[in-house]
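In the two complexes that follow, chain A is the common piece, with chain B as its partner first and chain C second.
The block that comes next holds the complex of A and B.
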C-alpha cells in the first residue's frame, strides 16, 4: 500500500516535470525570433497562402490559446508536423530512437567494461602508480569535451591508422542481429561494431571516468569495513573478497547511477551524433535547431524529458521496492 | 542551384555562351552526350565499373523526398540523379533533345513543348505531356499539392496545359529568354498519377525519369541509387551511388581521407592543404554564383543616405577579407550579380578600401557619429561570422562611425530580408544569394522590385526599369539594359558588396569531374 502511494506520488511529480518541460519548450518557441511561415514556404509565396498557413497552424491565435491547444494536442498524442519535412513529428522522433539507444547502450557498455576493472584496481591499490594512472584518466575523461574527443578519435584511429570508419550507421543493430540469427553471417554485426566503436568511446568517456571514480571510492569505503577483515580472517582468497563481496556492495550506487545516466547519455548524444554523422535523435535535434523547426525541436525535447522522468521513476521505484526504508524517509 | 553550368573561372560570356555551358553540363549530366566540357562522359573509360559504390558526402541532407518542396542546392543534388530537367538549351539557343525535344512559340506569351515518346519513369509508367504540364503547374500553382518553394524561380510562368500526349502549352509573362532559363533550371518531370497517390509533400520515395533510380531513402541521412536500366539516354558511370551527409566538416574531410567518401563538399580553407597533399585525393574548387554581401535597408537611417552606403563600401577591404578570413578563396563582387550571368557588366570594378574617403562621405551624409550594428548568422556560409566580424571592425575603424557585430539565427536574417525596406529590427545584415537561373533577373528583381521577396531598397525608377527589362525580347537590348542597371546599382550602393563564395570540394584524384559554378553535382557527368 505504502509502495503504491509512493509510486503515485512519483508519477505525479513526474507529470509536473513533464508539464514543465512542455511549457518551457513552448515558451522558447514563442520567444524565438522569426516567422514560422518563412520556414514552410518561400518568401515569394502569395500573402493569401501565407495567411492560410498561419490560420491552419493557429499562429494568429493569442499565445495562451496556442498553448492550450498545444497541450490538448499533446494529450491525444498529436505532436504536430515538422515545418521542414511536413512529416508527423511523433514518427520523426520514433524512427530515430533505435540509433540513439544503440549509441547510449554501447557507451554504457564501454563505460562498464573499462571503468569497473579500473575502479577496482584503483581502489585496491591506493596511492600506487595504478591508482594515480586511473585517477589521472578519470580527471582527463571528465574534463575532455566529447566533440573534441570525437574529432581526435576520427583523426587518429580513423584517418591516421584506418582502424575504424569515421562515422555513419550503415546498418541498424536489430537488422544486424536478425541477419546473424537467421544466416549466422556476422558481417553486418561486425560492420555495426566498427561504426559504433568511436562514437561510443566519445560519448562514453565522461561516463567511464565517472564510474571509475565511483567504483574507486566505493571500493575504498567497503574495504575499510569490518566484514572485509572478517572474510580475510576466514582465509578467503583476496580476489574472491574483492570481486565477490566488496565489488558487489560497491555496485549498488553504481547501478543507480548507470540507470540515471542513460538519460544524460541520450542528451549527450546530440554532439556525438553530429560529429560522427550518427543518425539518431541528437542529430535530428541539431538539424531541427539549425532550421528552427520548432514542432520537431519541441517533440524531441519532450521525448528526452519524458525518457529522463520515466528512468528516474523506474530507478526510484526499484530502490523503494528493494529498500522500503526509502518510502518511510 | 541546379542545371546551370561548368564554365571556366574568370571567363566572361554572353547569354548564349551561358546557355551553351548550361546545356552542355546538364546534357552530360543526364543524357551522357558529349558536351562542351571537352571530355568524354559516361563510363567511357570503364574504370567506373570497378568500384562498388560512389559516395558523395554533403554537409546537409534533404528532410523529405519531394523534388518540388525545396529550393536549395544540396537538396537538388540529391534529386537531380533521379529527376531530370525537362529540357536543355544548346549554345545556339536551340532545344536539346531531352524529355522535351522541340520548342516553338505559336503566339505571344505561349510556348509549345514537344515531349519524347520513349521516356519511362522508374515505376514503369510512360512519360506523357500531362506529366510535364503537371510538373510545371505543381511548382507555380499554390493550390496543387502544396505551395512549392520553387515558385520563386518561375516568376514568369503562369500555367501549363497538355494539348495532346506529346505537346504541352506553357503560358508565360515576360521575355522568352527568361522562360527558357526558368524552365531549364526548375523543371523536373514527375509522374502525375504517382505523385497524386502520395502524401503531399512526398515523404520517402522517388519516381523520376533520370539515369538513376532510388533504392533506399532515409530522411536526413542518405539516399542510395542504382542505374536505371530503361533510361532513354546513355548508361551512367557507376552501378551504385550513395549520397549522405556529415554536418561536421572535419568528419567529411576524414571520410574522404579514409576512402569512405569519394567526393565531399565544403572543405574548409584550413583543411585544403591537408587534402591537397595527401595521396589519392585532391581539392577542386570553383567560384560559385553565390554572392555574400551586407544589406542596408534604405528606409532606415543612416542607410537612407547614398553617401553613407558608399562610405560603408569604401570602409571594407574585400580583398583583405578574402585573403585573411577565407584563405584566399573567393572573388570580390563588382556589382549585385556574379560574373558569367546574362546581364553582367564587365566594365565595373570592386569598391577598393579607402577609409579617408569613407570618412569624408560619412561627413557629407550628415550621419557622422552614428552607431550601427551589423547582424550576421553563423555557419550558413563559409566563415560567415568571421567575415561579418572583420567587416564590422573595419567600419568601426572609421573615426566617425561606431559599428558593432551581433550574431543572430539565420531565420532572423531571413525574416529581415523578407520584411521590407523599413524593418527597423535588423536594418544592416550579412546574407548570401545564389543565382541559379543564369540570368541577372533572379539576382536583381527579388531585391529591387517592390513585389520581390527580398525588397530592401526603395528606388521606384529602378523598380520600373527592372520590370520593363523582363519584357524585352531583343537579347542584346535586354543585356545592355541589365548591364546599365547593374552599374547604377553599384553606384547606389544598396549593399556592401563583399565576395563571390568559392565552392571547395575534396575528391579522389582519379575522378574525371569539374565542379560547376552553380554548385550542382551530376553523377553521370563523372567518370574514373
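The block that comes next holds the complex of A and C.
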C-alpha cells in the first residue's frame, strides 16, 4: 500500500515538472527576439501573405492565449510543423530516436564491459601497477572532452590508418538485424558495427572512467567488511567472492550515480552525433537551433525533458520497490 | 573560517599525494598562461600573416566569425588554407588561416578560466541561498522550490545551454587588459574577451547542483542542537541561516565548486566547438576549425584539446585532494 501512495505522489510531481518543461519551451520561443515569419518565408514576401502566416500561427493573439493554445495542441499530440521542411514535428523527432538510442546503448555497453572488470581488478589489487594504470586511465577519461576524443579517434583510426569510417550511419541496427535474421548475411551488421565503434568509444569513455572509479572505491569499501572475511573463512573461491558477493553490493551506488548521469549521456550524445555526423536527435537539435526552427526545437526539447522525467520516475519506483526504506523518508 | 583541524588535514593529504602536487603545479601553470598570455604569446592571436592591397592584416584581426578564407578559383570561390607546420617561427604551427596556434592556445586559456571561474561563482551565489532556504524551511516552500529545480534538471546542461544561446545569441564583453595597457606587450590585443552570455548560461544550467547540495546540508543542520539553542534564545531565521547553517555547510560546497569549475570548462569548450561561444579565442572553437584539416594539419585540433585535458585534469586532481581531506559525499553532472 505504501508503495502505491509513493508512486501516486511521484507521478503527480512528475506531472508538475512536465508542465514546467513545456512552459520553459514555450517561454524560450516567446522570449526569443526576431519575427518567426522571416524564418518561414522570404523577407521580400508581400505584407498580405506575411499577415496571413501570422494569423495562421496565432501570433496576433495575446501571449496568454498563445500559451493556452500551445498547451491544448500538445495535449492532443499536435507538435506543429517544421518551419524548414513543413513536416510534422512528431515524425521528425520519432524518426531520429533509433539512431540516438543505438549510440547511447553502444556507449553504455562499452563502458560496462570495460569498467566493471577494470574496477574490480583495481580495487582488489590496490597500489599495484594494474591499480595505478586503472586510476590514471579513469582520471584522464573523466577529464577528456568527448568531442575532442572523437576527433582524435578519427585522426588516428580513420584518417591515418583507415580502419574505421569517419562517421555516418549507412544502415540502422534493426534493419541490419532483420537482414541477418532472414538471410544470415552479416555484412550489414558488420557495417553497422564499423560505423558505431568510434562514436561509441568517444561517448562511452567518460562513463567507462566514471564506472571504473565507482567500482574501485566500492570494492575497497566492501572488501573491508566482515562478511567478506566470513566467506573467505568458509573457503569460497576468491573469484566467486569478488564477482558474486562483493560486486553485487557495489552495484547499488553505481546504478544510482549512473541514473544521475543520464543527462551527461544525452548531452554527450548531442555533441558526439555532431562530430561523427551520426543522424540522431542531437544532430537534429543542433541544426534546428542553427536555423531557429522553433516547432522542431520545442518538440525535441519536450521529448528529451519528458523522457528524462519518466525515466527518473521508473528508476525511483524500482529503487523504492526494491528498497522500501526509501519510502519512509 | 578554515579550522586548524581542517588545515592540518589538507596539509597531510597534500604531502602524501603526488597527484595533488601535480594538480597544483598544472593549475598554477595554466593560470599563469592565462594571465600573462600577451607577454608569452609570439604573435597577435588574430594575425593571419596575410595582408590586403593596403597592407592591412587580412582578414581583419579580432573575433570574426567566418574563419575560412576564400579565393576565386577555377570553379568559383574555393576554400584556401594558409596552414604552416610547427617551426621555430610558429612553435605549434598555424591554423587554416595562418594564425599562430601557440599564441591562440594561450589566449584561449583566458576564455576557459574566465567562464569557468565566473560561471561557478554565479552558480554558487544563486544555488546556495536557494538550497539553504529550501532545506531550512522545508514543507511547502521546499516542495515548490525543488519542483522548479527539477524542471532545470529535466534538461541536460549542454542541451539547455545550447537552446538558450541559440535563442539569445552569444554576446561578448571586452575588458581592458592591464598588462597590455601598461605597455608590457607591444602589438597585442588591448582587450581581453569575456563571453558574457556563455558565462551566464553555464551558471544558469549548473546552479541547481549547488542548490541540491546546500539543501541536503540545511536539512541535516536544521535539527542540530546548536540550531535549536539559537532558536530558543530568539535568533531570527535569517541569523540562523547566515551564522549557523551557511558556515557549517561550506565544506561540501567548496568541493562541489572545485569540480564544477572543471565541468563548466568542459561545457564551455563543447559550446564553442558547436560555434555558440561568441568568440573564436577559445579552445573548443579551435578544435572545430581543425576538424576539417585533420588529414593535412593534425595540430590545429590536437593541441587545444590537450590544453583542455590538462586544465580539467588539474582541477579534478585538486578536487580529489579537497574531497579526500574533507570527505563529503557529493556529486553532480559532469563531475563525480
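The working rule: the second predicted complex is superposed on the first by the 319 of 329 C-alpha atoms of A that agree within 3 Å, B and C clash if a C-alpha of one lies under 4 Å from a C-alpha of the other, contacts with A are read in each partner's own complex, and residues count from 1 in each chain.
Here is the rule we go by: a contact is a pair of C-beta atoms (placed from the backbone, for glycine too) under 8 Å apart; a residue touches a chain by one contact, two chains touch by 3 or more.
Given the structure is predicted, the values throughout are model-derived calculations rather than measurements.
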Combined model on chain A: chain C and chain B, fit or clash:
clash
Which partner does A:159 reach: the first (chain B), the second (chain C), both, or neither?
both
Report for A:151: first if it touches chain B alone, second if chain C alone, otherwise both or neither.
both
Answer with first, second, both or neither: which of chain B and chain C does A:313 touch in the superposed model?
neither
With the two complexes superposed on chain A, say which partner A:177 touches: chain B (first), chain C (second), both, or neither.
neither
Partner chain(s) touched by A:257 [first = chain B, second = chain C, both, neither]:
second
Just to be sure I read the superposition right, which of the two partners does A:287 touch: chain B = first, chain C = second, or both, or neither?
first
Contact-wise, after the overlay, does A:41 reach chain B, chain C, both or neither (first, second, both, neither)?
first
Going by the contact rule set out at the top, does A:270 touch chain B (first), chain C (second), both, or neither?
second
Stretches 289-297, 307-315, 379-387 or 487-495 of chain B: which one clashes with chain C?
379-387
On chain A, the residue positions that both chain B and chain C contact, one per complex
32-33, 151, 154-155, 159, 274-275, 286, 290, 292
Where on chain C is chain A touching in the complex?
19, 147-148, 150-151, 153-159, 162-164, 166-168, 262, 266, 269-270, 273-274, 284, 287, 290-291, 294-295, 298, 301-302, 304-305, 308-309, 312-313, 316-317, 331, 333-336
Considering the complex alone, what residue numbers of chain A touch chain B?
32-35, 38-46, 49, 53, 82, 84-87, 92, 151, 154-155, 158-159, 162, 165-169, 274-277, 279, 283-284, 286-287, 290-292
Counting only contacts in the complex, chain A reaches chain C at residues 13, 16-18, 20-21, 24, 28-29, 31-33, 139-140, 142-145, 147-149, 151-152, 154-155, 159, 210, 213-214, 257, 260-261, 263-264, 266-268, 270-271, 274-275, 285-286, 289-290, 292, 297, 301, 304-306, 308-309
Would you tell me which residues of chain B are touching chain A in their complex?
60, 63-64, 69, 71, 142, 146-152, 155, 199-201, 203, 218-222, 244-248, 250-251, 254-255, 257-258, 260, 379, 408-412, 414-415, 417-418, 446, 452-454
